[in-house]
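As structure tokens, the structure follows; a few thoughts come after it.
Letters A, B, C, D, E and F mark the chains as written, and numbering starts fresh at 1 in each.
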Amino acid sequence: MAKEMIRMTWPEFAETGDCAVALCVGSVEQHGPHLPFTTDLLIPYDICLELSERCGLLVAPPVYYGYRSQPATGGGMSFPGTTAVSAATLMKLVEEILCDFHRQGKKKFLLMSGHYENTAFLSEAAYLFTEAHPDAKVVMINWFEMLRPETLERLFDGKFPGWEVEHASLTETALIMHYHPDLVHPDRIPDQEGKPFCPRPTVYPEPAGLVPPSGILYSAKGATAEIGGAMAEEIVDAIAGVLADEF
Amino acid sequence: MAKEMIRMTWPEFAETGDCAVALCVGSVEQHGPHLPFTTDLLIPYDICLELSERCGLLVAPPVYYGYRSQPATGGGMSFPGTTAVSAATLMKLVEEILCDFHRQGKKKFLLMSGHYENTAFLSEAAYLFTEAHPDAKVVMINWFEMLRPETLERLFDGKFPGWEVEHASLTETALIMHYHPDLVHPDRIPDQEGKPFCPRPTVYPEPAGLVPPSGILYSAKGATAEIGGAMAEEIVDAIAGVLADEF
Amino acid sequence: MAKEMIRMTWPEFAETGDCAVALCVGSVEQHGPHLPFTTDLLIPYDICLELSERCGLLVAPPVYYGYRSQPATGGGMSFPGTTAVSAATLMKLVEEILCDFHRQGKKKFLLMSGHYENTAFLSEAAYLFTEAHPDAKVVMINWFEMLRPETLERLFDGKFPGWEVEHASLTETALIMHYHPDLVHPDRIPDQEGKPFCPRPTVYPEPAGLVPPSGILYSAKGATAEIGGAMAEEIVDAIAGVLADEF
Amino acid sequence: MAKEMIRMTWPEFAETGDCAVALCVGSVEQHGPHLPFTTDLLIPYDICLELSERCGLLVAPPVYYGYRSQPATGGGMSFPGTTAVSAATLMKLVEEILCDFHRQGKKKFLLMSGHYENTAFLSEAAYLFTEAHPDAKVVMINWFEMLRPETLERLFDGKFPGWEVEHASLTETALIMHYHPDLVHPDRIPDQEGKPFCPRPTVYPEPAGLVPPSGILYSAKGATAEIGGAMAEEIVDAIAGVLADEF
Amino acid sequence: MAKEMIRMTWPEFAETGDCAVALCVGSVEQHGPHLPFTTDLLIPYDICLELSERCGLLVAPPVYYGYRSQPATGGGMSFPGTTAVSAATLMKLVEEILCDFHRQGKKKFLLMSGHYENTAFLSEAAYLFTEAHPDAKVVMINWFEMLRPETLERLFDGKFPGWEVEHASLTETALIMHYHPDLVHPDRIPDQEGKPFCPRPTVYPEPAGLVPPSGILYSAKGATAEIGGAMAEEIVDAIAGVLADEF
Amino acid sequence: MAKEMIRMTWPEFAETGDCAVALCVGSVEQHGPHLPFTTDLLIPYDICLELSERCGLLVAPPVYYGYRSQPATGGGMSFPGTTAVSAATLMKLVEEILCDFHRQGKKKFLLMSGHYENTAFLSEAAYLFTEAHPDAKVVMINWFEMLRPETLERLFDGKFPGWEVEHASLTETALIMHYHPDLVHPDRIPDQEGKPFCPRPTVYPEPAGLVPPSGILYSAKGATAEIGGAMAEEIVDAIAGVLADEF
């Protein structure tokens, strides 16, 4: 059974010993008209639960709010409901959570995210934490880095349009279909053609119109729960391998 | 249907208009051998979902990690698994979440907690937020302040031992039995007599032995899901009244 | 003679050895028309001077400005002259003062306050300080926690209305009458009946009219210097006992 | 009568209108074997009380703890009892106090110090405060900048050795003799000759032996209360002139 | 002539009017045995000087120290001399510099970097700055985003190995050869074959051996000053176009 | 040859062993119509390069932006182009740079400035750094403290008007003439007589008109490159002596 801390009692925690701790950091970010705001948290969290069943990872209570969404990766702060915290606060929050688990004797950490914009800040939190606690180790993973290009080619019949247009698109939709079918609205998936997203220099304040009105960069119409399941399997395998190597 | 943001899409959010936003802040704190670490988040969050169904509140993604647990209110940082963040970070986190909803036009907030130790820090966050945004209003509630003493007397047949020994005890157990029966382990509830907790001056570092080894201050044996349901009803009614007055 | 650091020279300090250090943190908060703004500092400071005479405590220069006054405990920021600092700054200030005494070899601290709103922030400062300096110990006391209910019943002839309406009322007035008769204006004490203060959920911005226009929650007319003296004696005795136990 | 806020009630404050507010920031710093730690606070505070009597200044509760003492100005952190806070905290503290008086409608401030090391930090606090509140004005004064060289020549019969060796020496001793004769120990004034202090590049960690073992840089033997009184008069006159010009 | 602020006087600055300001942020990071530590600053700075000559940009004094180097982009903190500041400080520094130019009336900014690791932090600084100053605009560019793949194919005869192994390799070497031939040591360029760099999940503390001992990811042997010149021309053209569009 | 890190490669750095590191912190501040904004950085940096040639100092990449210019020392924030960062950020930046060199084994530091306003903040950075790293030593020098009064008398034929009017005046002009003749515009030196600058209490917001419209406090007409060279020689000699004593 997964060691999901939000459901556990303290005597159960006390038995986890020197088990690695997975901390998932998400985002509250629009994911098109068909996926929930918490897509970026749900995917890493569900993957961690599977890893927990397989190799005994302790899954810590997650952090929902992540760093500001950026147009370049398909989001941007102008969509209704996209809500974020500052870089400074996100870094402190993650650093302190790691520190407080370390105070209790935990020394192996998997820091998981599915929100590209979190990466640099989680990295700094992990740097500061391990600088202060050299006996600890943090492995930091974005789930989408764990999929081989050939897998995506195969699963999407050669039609995977590339990560640069993946936001609320094929991979995320398939994974949520697999893990949380009740949270996907397939009927609302926009038809939108794969107009290649043209990255421009980043401009602040965020210009209007960078992301299509639907909030997605490429139609998710080819996604299925089966594809999601296959992807999840590969990701879980790959991370399990990393954890075996590192811890 | 409850407007639970973690399950919603952005077009659904866009329809919420000037609806009040409920932000729940919990704790990751031991709650005896029979209740989960997230008890202090689950209760306010479930209450907010009920309020959402009744009066249209938008329930924001919650914050799991709260301020450090203190022995005086039944916890303390020495139990395995009790994990917290600093006051400074908690305040910044909450202030920034409120600010980012305000950027999107939300101006009415219910800040809900069930963890006594969060109170002063949520209060400062709300002060700083409304000082910077005078057109916003924050109502801050600990659910346990909403129960009338006479209700507790009645529900527990005159045996309610007082809030000062309530930690993972009668009220919290009853409420989790009502909302999440699968997360309660009634068979593990300690028999422990109601030894009145003797508050001493607060001492740092936290002295050992202030809280009984079970982590609870009074046996939860009298708790039932029915009592929990009756309590929930009174709390929801009371808060609905407050919201009607304030917003 | 009291070891009052604001009056001492460095060779006198050099002789205090490993003596405990008392740091008093007050507030600049209205205390009705008859008591001074610094009531919350004066009472703990005077108590510490007595303790110093009795058991050799070193009384550090005090901190006048405390955390924001809240209506729920009888104050609120809307009265003219009530002046406060942020939680973040108060915590840092107290932590740094403790650290700098520790740099000089002091390891035993009494952190005294008479302003309820300071409590959580002093607590965090003490936590952070002792986490970084595990050889130090901090005892944190609000003077009003040291009085037994039966004493109050006796001293006020059964008319003590309870701490929830005590702000610039019977106990504070009696204590300032005892320690600083020149700072009390008995003729300006409002007649105001003991209208029980009705705590509502905390609301920000602070609503008008929560506290009576006089700034006090209950008439202080029953207070005398004699009662103040008796209270001071019990408080000093109780704290002396705590210090003997802890240090 | 001086408007000394630590002794005032809120209705008295309410009458001060748009009166200028004096905030004194001191230090807890050794001042030789004959003067108290709080010399740097007492002198500005007493000067402000005189100014208050003369021109209606409101004297705010003072800040005792200032910035770290430096050997170059006669102190250094190695003397027993010298206790300080960080630059960051001192700046925030002063900025917030000014802001909170401004919230109440005060716009004219006298920021007074007698501790040279505070200067740059008070300056930054005043800059940040007035940048955020352009309708406010801060006049920042170190009392020792207000004395004319010819006055010192006259009062000390041509034997004033220059400010660079003035620490717990002639001027501070004379002023404390004038304002607080009970806090001076004339019999403990060291005989020490005026060995010119040789400033070297600042070195950290602070080298030992920069300041004579007594903690003073020049014997204070020529100081008298009369001289202190004459100095105080000139300082008060000069500041009164500045305030008349600026406010 | 380039408007290079480090060489200008204030009357010259006063004539720049509403001209855009370029702020370059670099890194102090090893760039192999043949390029200087400041390669990441020199390239953007020289490009900005060219832009200044062409379209009147004001080039602000640069920031040498950037964010920590990461193995994944060819660096890592373990090479001698690689020196960095924290994310929090870098963000504050850049935000404050932008703010202080804005105080003087500048509203158009080009934020230039050549150090990939700076990107997210410069982005946050730009977000916070423009959120507080909505009349300002920041264009943020990494010079390497401005080169078309086909140009690289052509200039390197189809042998450009891809950005993922470009650190102190072909492009940076060619550009420094073009701008600062005296700072390149062509004879020290390692022969090292283009072993494709295998990105693993990021691990903290930084594992040894991720980057080849030379500090470069691919041999720079094909670089020439002529290629550098052609690259510079394309980059300058492209940015000039962006600036014409945005400002 | 000078060990100038901005021009060095990592293998060259690796050979510097336990060599002292010089960090120069400047300002971006008007220096009259004839000197560049970076005068306060150039002078210390050039002096350090000379010291490097003579005694093997490693000269770190400099910090251009310093603390806010103040009228009292000849500047003020109102001149076009004067651009600064906050005290808090400057302190953090310098502390972190020192820390990151210390991580690499460097323990001896020369912290050089030519901008008076930086002094207190560099001092705090050095204090915090050495408090955390007691095996490190920081020598902090403003170049102008290293010149003997008799030298100035001799070099300027008895017409040196004193440091209080030296801003973009005789000494700075002579030194820039010596080190960077191309950056001086002798023909633009104002004729302005030496009107003694009348220091008043510091007032915020900065009053207009404190500094003459040219931005200099005393005409620099007597400055020559030869005088600059003689000054540079004395300063370099003096610092070399200090370094020999301290390291």
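Just so we're on the same page, contacts are C-beta pairs under 8 Å (C-beta built on N, C-alpha and C of every residue); 3 or more make two chains touch, one makes a residue touch a chain.
A quick note: this is a predicted structure, and the numbers were derived from the prediction, not measured.
Asker: If you take the chains that touch chain A and keep only those that also touch chain D, what is left?
Answerer: Touching chain A as well as chain D, we find no chain at all.
Asker: Touching both chain E and chain F, which chains are there?
Answerer: Shared contacts of chain E and chain F: no chain.
Asker: Counting shared numbers against all numbers at the contact of chain A and chain E, is it over half, same, or under half, different?
Answerer: Same, since most residue numbers here occur in both copies.
Asker: So which chain is farthest from chain D, going by the mean of the CA atoms in each chain?
Answerer: Result for the farthest chain: A.
Asker: Centroid from C-alpha atoms only, then distance chain A to chain C, rounded to Å. What do you get?
Answerer: 49
Asker: Report, in whole Å, the distance between the mean C-alpha point of chain B and the mean C-alpha point of chain F.
Answerer: One centre to the other, that is 56 Å.
Asker: Quick check: how many Å separate the C-alpha centres of chain B and chain C?
Answerer: 29
Asker: By the touch rule stated above, which residues of chain F touch at least two different other chains?
Answerer: Answer for chain F, listing residues that touch two or more other chains: 86, 88.
Asker: How would one label the connectivity among the chains shown: line, ring, star, complete, or other?
Answerer: ring
Asker: Head round the ring from chain D, going the chain F way, and note every chain as it comes up.
Answerer: Moving around the ring in the direction of chain F from chain D, the order is D, F, E, A, B, C.
Asker: Under the definition above, what is the set of chain C residues touching chain B in their complex?
Answerer: 67-68, 70, 86-88, 91, 117, 119-121, 123-124, 126-131, 134, 137-141, 145, 199-205, 242, 246
Asker: In the complex of these two chains, what residues of chain C are touching chain D?
Answerer: Contact set of chain C toward chain D: 5-11, 13-14, 28, 30-38, 60-65, 77, 79-86, 88-89, 92-93, 96-97, 100-101, 103-104, 183, 185, 188, 215.
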